[in-house]
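What follows are several structures.
In the two complexes below, chain A is the common chain; its partner is chain B in one and chain C in the other.
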Partner chain A sequence: MTEAAFSALASLADPSLLIMLAVGVVAGLVIGLIPGLGGTGAVAILLPITFGMDPEPALAMLIGALAVVHTSDTVAAVLLGAPGSASASVTMLDGYSMARQGQAKRALSLAFLSSMAGGLIGAVGLTLAIPLARPLVLSFGSPELFMLTILGVSLAAVLSRGNVVKGLTAGLLGLLLGLVGTSPTTAEERFSFGSLFLSDGISLVAVALGVFGLAEIASRVGQRRVTEKPVELSGGWGSGIREWITHWTHVIRGALIGIWAGVLPGVGATAGTWLAYGQAVATAKDKRKFGKGDPRGIVGPESANNSVEAGDLIPTFLFGIPGGVPSAMLLGMLLTYGIQPGPAIVTDHLDLMYLIVWAFAIASVAGAFLCFLATGSLAKLTKVPFAVLGPGLLVVMLLGAFQEGGQLGDLWVMVALGVAGFFLKATGMPRAPFLIGFVLAIPMERYYYLTASLYDGASWVARPGVLAFAALLVAPVLWSLVKRLRRASGSVDDGHRDEHASADEDADELEGSLARTPWSLGVAVAAVLLFAGALWVSGSFSDEAQLMPRLVALGGLAAAGVLTWQEIRARRRGAARGGDRAVDAPAGSSGATMLATRVEPRLDARALARRHDLMVGARTFAAMAVFLVLVMVGGYLAATLVFTPLFLLYAARTRPRTAIIYTLVLGAVLLALPSLLPVDLPMGLLQ
Partner chain B sequence: MTIVVAYADTPPGHAAVAAAVTESREGETVVIVPAVRGERVPDVGELAAGWPGLAGRVEVERGDLGDPSDTVIQVSQRLDARLIVLGLRTRTPVGKLVFGSTAQRILLDATCPVLAVKPAVAAT
Partner chain C sequence: MTQHVEEEDVATTADEDAGSAQDPPERPAPTPRLAGAVLAGFTALAVGVSVLGGDFLNPAASTADGDYSGETVEMMIPLAEGGGTDTWARFVGAELTEAVPGSPGLAPVNDDGGEGILGTNHFMTSAKTDGTEVLVSTASTVVPYLLDMPSVRYDFNKLRPILANGTGAVVYARTGAGVRGVEDLVNRDKPLIFGGIAATSLDLTTMLAFDLLSADIDATFGFEGRGPVNLALQRGEVDIDYQTTSSYEPAVEPLVKDGTAVPLFSLGQVDEDGEIVRDPNFPDLPTVVEVYEKLHGEQPDAEALETYRAILALTYTYQKALWVPEETPDEAVELLRSTADEMGADPAFQKSAAEVLGGYPLDASPDLAERIGEAYRVDESVREDVLELLETDYDITID
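So, the complex of A and B:
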């Protein structure tokens, strides 16, 4: 045990690993600074670069980035009042107020130190989880693993914020997408519609980068710019450091909450951070200063959002069930190296596990240190508008998706999924269960058939492990029922302890902005049609290959049906209420008229913002499609050289000089990449 | 001095406001804190119309926190309130166990006296 840990540390002394770790840390810090890209963005952008590397340096780089993203995302939150990632919006509450009182350095030093401690405690948690879970993991047979995959998807669906039905629908859609390709048991092609390309299954990188990466670009390009001037970096570092030591209990509590939130699938950094803030407030005697610059409001959440990423890794590596979106991508990466997470990793790749732990710990410390040194100069990065970053990110992400299979079809799938991801995001459907479902679809089916052929009949159901997981499966259903009952009987004394529900909404402008419009009804109906189509197509498969698609499609049909019914009901109720108001307004009491006159313009503004978002999204996706056509014709480099300046000049409205320099740099990078890294550029017809 | 009311648009919530009106001294400010998540925040005109005794000395404060009970405590501490008034509704011990309680948390955490009122029996 300990030898493995120290030999992993010794292997980190290898300069090439250290360099990769350093590259990861710097990249993670920069990505964290840019508003809108969190841990998901960090892994998505770096993942393609790691194709062709050995697993050790690749992991060192990705873990390095993941460990520090939540250290630097505080900078924008504190100085600009615009969070670098959704989870930093919590730090913004107290950090930004503190910075406006001229104590920016105090807030930042509190945040950096807490992030560092959170990362270290997270790494310790990950280390302790290995020996604790090892006997448990090794006792698992295929029935337990099968139950775990189900548990992973359903927990992700139930625990992600918002409507449970939406979560389930998203999870089942992900499972369905994961079933595309060759069936693991009968080697027949499913949902491939005769295409050779689809019979391979859809590449994970294309799905993850599409649903999260491209959708993020499309929704952020049109983002209203931050016009506020950054707060000056004033105050002393020292006072924050001294103060941090007095709040050490909050650091530890925050980190533990973070680890726990990370272990649960679907509860990511954002929810974990709000939980930590909630408990800091709830346990404080003197609540006066929260929201106005209370150090306890910075310390707990900051420590939590770093330890979440470590907590995420625990179920990912030990059980093969990703705890969140970034770790789902890491899981995909490990699979491409032929490393099967789950019990096997504990026996065969223990050194890799410890390498990850060390990398996480070292990166946390180095990240905080670098932040102290470089915040002054790096803070300028937070002012770069997203529209300018868009084309560069697009080029990098599409290139990344191309690396896995070397097929242009993957890129089209990615853009199509980007559109889907945009609508899922806009209508408030959680996307984490979608990705987790996609990743777990094939393992779920494989474990099921292993179980069915190893045990006769249903005897496996009585195994204690299976029963325990079944109990765990029922618990969240009950919990969500209780939650619903609570909401139904809203009154003074209903204690909603989940902190994130309301406060999350203002963190992201697009998130859920299309909920309760014809668009969300459309998404629900489209889901129904998709599941119905899948059910119909699956009728032609052989019995063995049919079971999973059938079950998923039936479950999906039910979930999407309920969702459609909810949408229709909400619309009808909304219409009725609108009618009432129209009748009330002329005659009613002063309160009602005031309400009516006050609400209407705001609704109009929201509708306008919605149309603006949709237009920008549509234009961005059209631009992506044009880019792909250009790639097909002229190859990647030529397409980039044509597309980037056009996008910058017309969509981002930058100065011509910026556009030209940007394009030249991007072109040079693309030209140099194949010789530096094992990366292939797509070839066009004319090349 | 001020009185803080944990407000909800329900019979117990209204009873709390009424109690605050009778409890308050001449010219004392009554601060209404919405204590139900997601409920519409009442405006001053509306409240003054419902309780004429409040006209001119009622304020609405939303606080900076997500949790309603924390918000009520925070506002009362910031304003150094003399009294918190909150409305209770009838609940069985089992119901309390399942649903948790904002009222209980206010009672336990408050740093000033708390007046808990129930609506008239007929109203519930």
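So, the complex of A and C:
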């Protein structure tokens, strides 16, 4: 085996192979930067080039691209709050907060270094896991995979910032959205209301970029100047590396979880990154900073997110079951060379397997290194006001979302989800569980259904894997209950924690700014109505198809009901307090009056800021709708040419010269893009 | 531009906590005249781009002259990147366009809406009829067409085939479930559990085979693909499964060798005379018809056999095909077809394409249109049989 490993390494010294690898790495990095294209885009652009090549250079190129796509897709998530994939949304939690505190450079260097280590460990893991993969995959039946999906959604709901009820409600809303489309078990259409477009389900990229990306544009476009003070990092790269090294245990743990999760077909990639985040939070002594820019929240998931790619190659090659579109295309490429995936690949094509391992390792290092070198200039992006970035970002994100299905409807869905994301964000509902719920809804239903119909009664519950996952799920809840009980016997720790939290939250003006207002009550009530509606509609499905929607809707009704009750109670309490003040003030009770006069102006300023945010959001979403109408009429390029100068002149108030140059550059990029990347521009009626 | 913005920001970044409510004085809105001029300029450009640009960049194709030079063939693949059909289409498409006189470019377009239905509908209504747009068909678009699902707005009788390529499949079972041979398919105490994706997918043909044999099968649908079913069989979650020819060797053969699984029969192939014959890739495995004779000692019911034969031809023997719109000029269709025919006969192509074609020839002979047309003209009685099976056995109604 070692002989094959070294001969594969020696063959990589061949300059032509190295060039192919470099081409792949560069293409992967560039495509990863554009939110929404991701690995699929990278492989799709490179695949046609590989026809007619020998398998070795072709593989080197494709693996090079796959290994680094998740390195550079961090950039949009961290700097712009626009994750193009479900796994990038995890890095976003802490990375974006850190960037908003002016530490974009620090966040990026931590992420890139972790990606590199994750890729390297992933490559090593790939080698070691080959003999273990078969028993591992075979020991994971439908019940275990079902528990894994539950674990993924619950971890996201519990660990995201905000209270658990809000997290659960968001996760269940995501699950409900994920159920739109054709049922995996009976092939009947659910919640599609007769539309063939909806019967396909909603596109992941549209959800990720809508709920996060567009909501971010809408909430920040009002700012015409940058308000964050960039924090100067002294010591440059050296200090970045030094800080990263202090978190080395998290890097290794994240990478190991990533490999393990990537090996499991179907659910691994998404759940894996969350498991990595979950273990980082669970094992940390001081959890207060998570979600607000904790380096450990970046390091673990980011390292997992690259090693998942390596782990994913194991089921792809050994069982012919790809974990995603990119690995499916890789599989197709191997097939055209007459290389059949299957257990025999390890004996028949060992040299190729090692070539893949080495190419993966080299590409991870090279890709992360290139990104690391560029952090300084990338971080400068945060100095450009969002109002100016807005139209360009909008055009790029919508184009990215269009690529998945080639449907204009996806873009409308994306804008609608942007509005939803805006309100979720403003009312302090975590959006990450929403996205994870959306991604895992169908696998969860599939594996639940298979478990229920392939196992007798509840015998599956006693399987060791299921019990282990259940323990993972329940243990943290019990632990926190125990801690709370102990603390209840008189400790000030809790109050201390709250103080910290509220001080930090001011970093983001919109996040949670509408909490405890009629708006947040409205969101809770809307959630109740949605779940109730879903419950009602699901009554018309066949027995098998209505099981999951019903469970989700009932769970959602409970969670959203509790949330509504919390909101009402909070409002009552607030109203009662306000009433007290009103009564107290005339009486001249000194303390209360002091408090009242001090509080009122602050409330006014906050209410004003809130109204301003809402106005800006409404206007921005209206502008997006206008843009889509323009696209429908005149096509993408024409719409961009009209929309961009309009937005820049009136909304961003840039100089006319800037607007003209900006628009011309954007137009030229759009014109050139289809011939450079596998990108289609939406066509209008006039075209 | 970025440079300019930065300078300004460094200068004006003030320590403000109250947010945008109290912005420092900002640049006033541009004068209406200036803004109007800028907008008018871009609008004119936009109109120019959208109206003129299209014609300017895409001149009309000339493909009826026996030469495709300078053209680009757009290939509509109505499924996602990376699947078996996508791989097949990209490979065959690339080889074909290279062989066509003038070596046109190839632009594969993946439109995976509605499991292939949306893309095919779209092709039907908007494809150019000059021979530069080609459609890929496969089981996922053929079965809904066969079942006449309401969302299907395409008609293969209104398209012209260029080439076709078939595949086959083998049904195998887990020895751990007490299956030693085909005799164990019937008269069982406990039905065999079959793992499937959906009854309205390629699984349909296998379901028809089980129905024909009156095998004791309990089908559970909902799997993600055939690979996961194969794994579930190895775990013992399901008892019986089928794999198509290309995945049989890597996925099933090792199991047969170590005794965990036993191959039972092949679905067979429909030959040029319309008879069900043994699969050339599995000459040692009996067909469904032979198994029936062995189990029941007589020929299967003629009507049921006809239904099975029609569906087998449609979903396996002519499973994948390339099509052009009906109005495409004869010269262009003939040029593409004859090129494909020569290519299919070329030993070098046969060798490089062996894996992708799955051991079945690339069929582009002159009578292809006739044979494929016959296979795709599904009798109403066949359709009714299938719909009845779906409704009675699997509780699926198609309206």
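One rule holds for everything that comes next: the second predicted complex is superposed on the first by the 355 of 687 C-alpha atoms of A that agree within 3 Å, B and C clash if a C-alpha of one lies under 4 Å from a C-alpha of the other, contacts with A are read in each partner's own complex, and residues count from 1 in each chain.
The criterion applied here is as follows: contacts are C-beta pairs under 8 Å (C-beta built on N, C-alpha and C of every residue); 3 or more make two chains touch, one makes a residue touch a chain.
Keep in mind that this is a model prediction, so the values were computed, not measured.
Asks: Return first, second, both or neither, reflecting whether A:290 touches chain B, chain C, both chains, or no partner chain.
Replies: It touches chain B, and chain C stays clear.
Asks: For chain A, which side has the bigger count of touched residues, chain B or chain C?
Replies: C
Asks: Go through the superposed model and pick first if A:272 touches only chain B, second if only chain C, both, or neither.
Replies: Neither: A:272 stays clear of chain B and chain C.
Asks: Contact-wise, after the overlay, does A:342 reach chain B, chain C, both or neither (first, second, both, neither)?
Replies: second
Asks: Answer with first, second, both or neither: which of chain B and chain C does A:400 touch in the superposed model?
Replies: Neither chain B nor chain C is touched by A:400.
Asks: With the two structures laid over each other on chain A, which partner does A:240 touch: chain B (first), chain C (second), both, or neither?
Replies: A:240: touches no partner chain.
Asks: Touching A:320, do we find chain B (first), chain C (second), both, or neither?
Replies: Only chain C is touched by A:320; chain B is not.
Asks: By the touch definition at the top of the document, which applies to A:328: first (chain B), second (chain C), both, or neither?
Replies: It touches chain C, and chain B stays clear.
Asks: On the A-aligned overlay, A:282 touches which partner chain: chain B = first, chain C = second, or both, or neither?
Replies: first
Asks: Chain A touches which residues of chain B in the complex?
Replies: Touch residues, chain B against chain A: 6-8, 10, 12-13, 16, 35-39, 43, 45-46, 49, 63-70, 73-74, 77-78, 86-89, 91, 98-105, 109, 111.
Asks: Write out the stretch or stretches of chain C touching chain A in their complex.
Replies: Answer in residue numbers: 1-2, 4-6, 9-10, 12-13, 15-21, 23-24, 26-30, 34-35, 38-39, 41-43, 45-47, 49-51, 53-54, 80-84, 86-87, 90-91, 94, 106, 108-109, 111-115, 117-118, 151, 193, 198-201, 220-225, 227-228, 230-232, 234-235, 237-238, 246-247, 249-251, 254, 354-356, 395-396.
Asks: Under the definition above, what is the set of chain A residues touching chain C in their complex?
Replies: 40, 43-44, 47-48, 51, 137-138, 141-142, 182, 184-187, 196-197, 199-200, 222-227, 229, 265-266, 319-322, 325-333, 335-345, 380, 383-385, 388, 405-407, 446, 449-450, 453-455, 506, 509, 542, 605, 608-609, 612, 616, 634-635, 637-639, 641-642, 644-646, 649-650, 653-656, 658-663, 665, 667, 680, 684, 686-687
Asks: Spell out the part of chain A that touches chain B in their complex, as residue ranges.
Replies: Going through chain A, the ones touching chain B are 93, 274, 277-278, 281-282, 285-288, 290-292, 482, 485-486, 489-497, 499-503, 589-591, 594.
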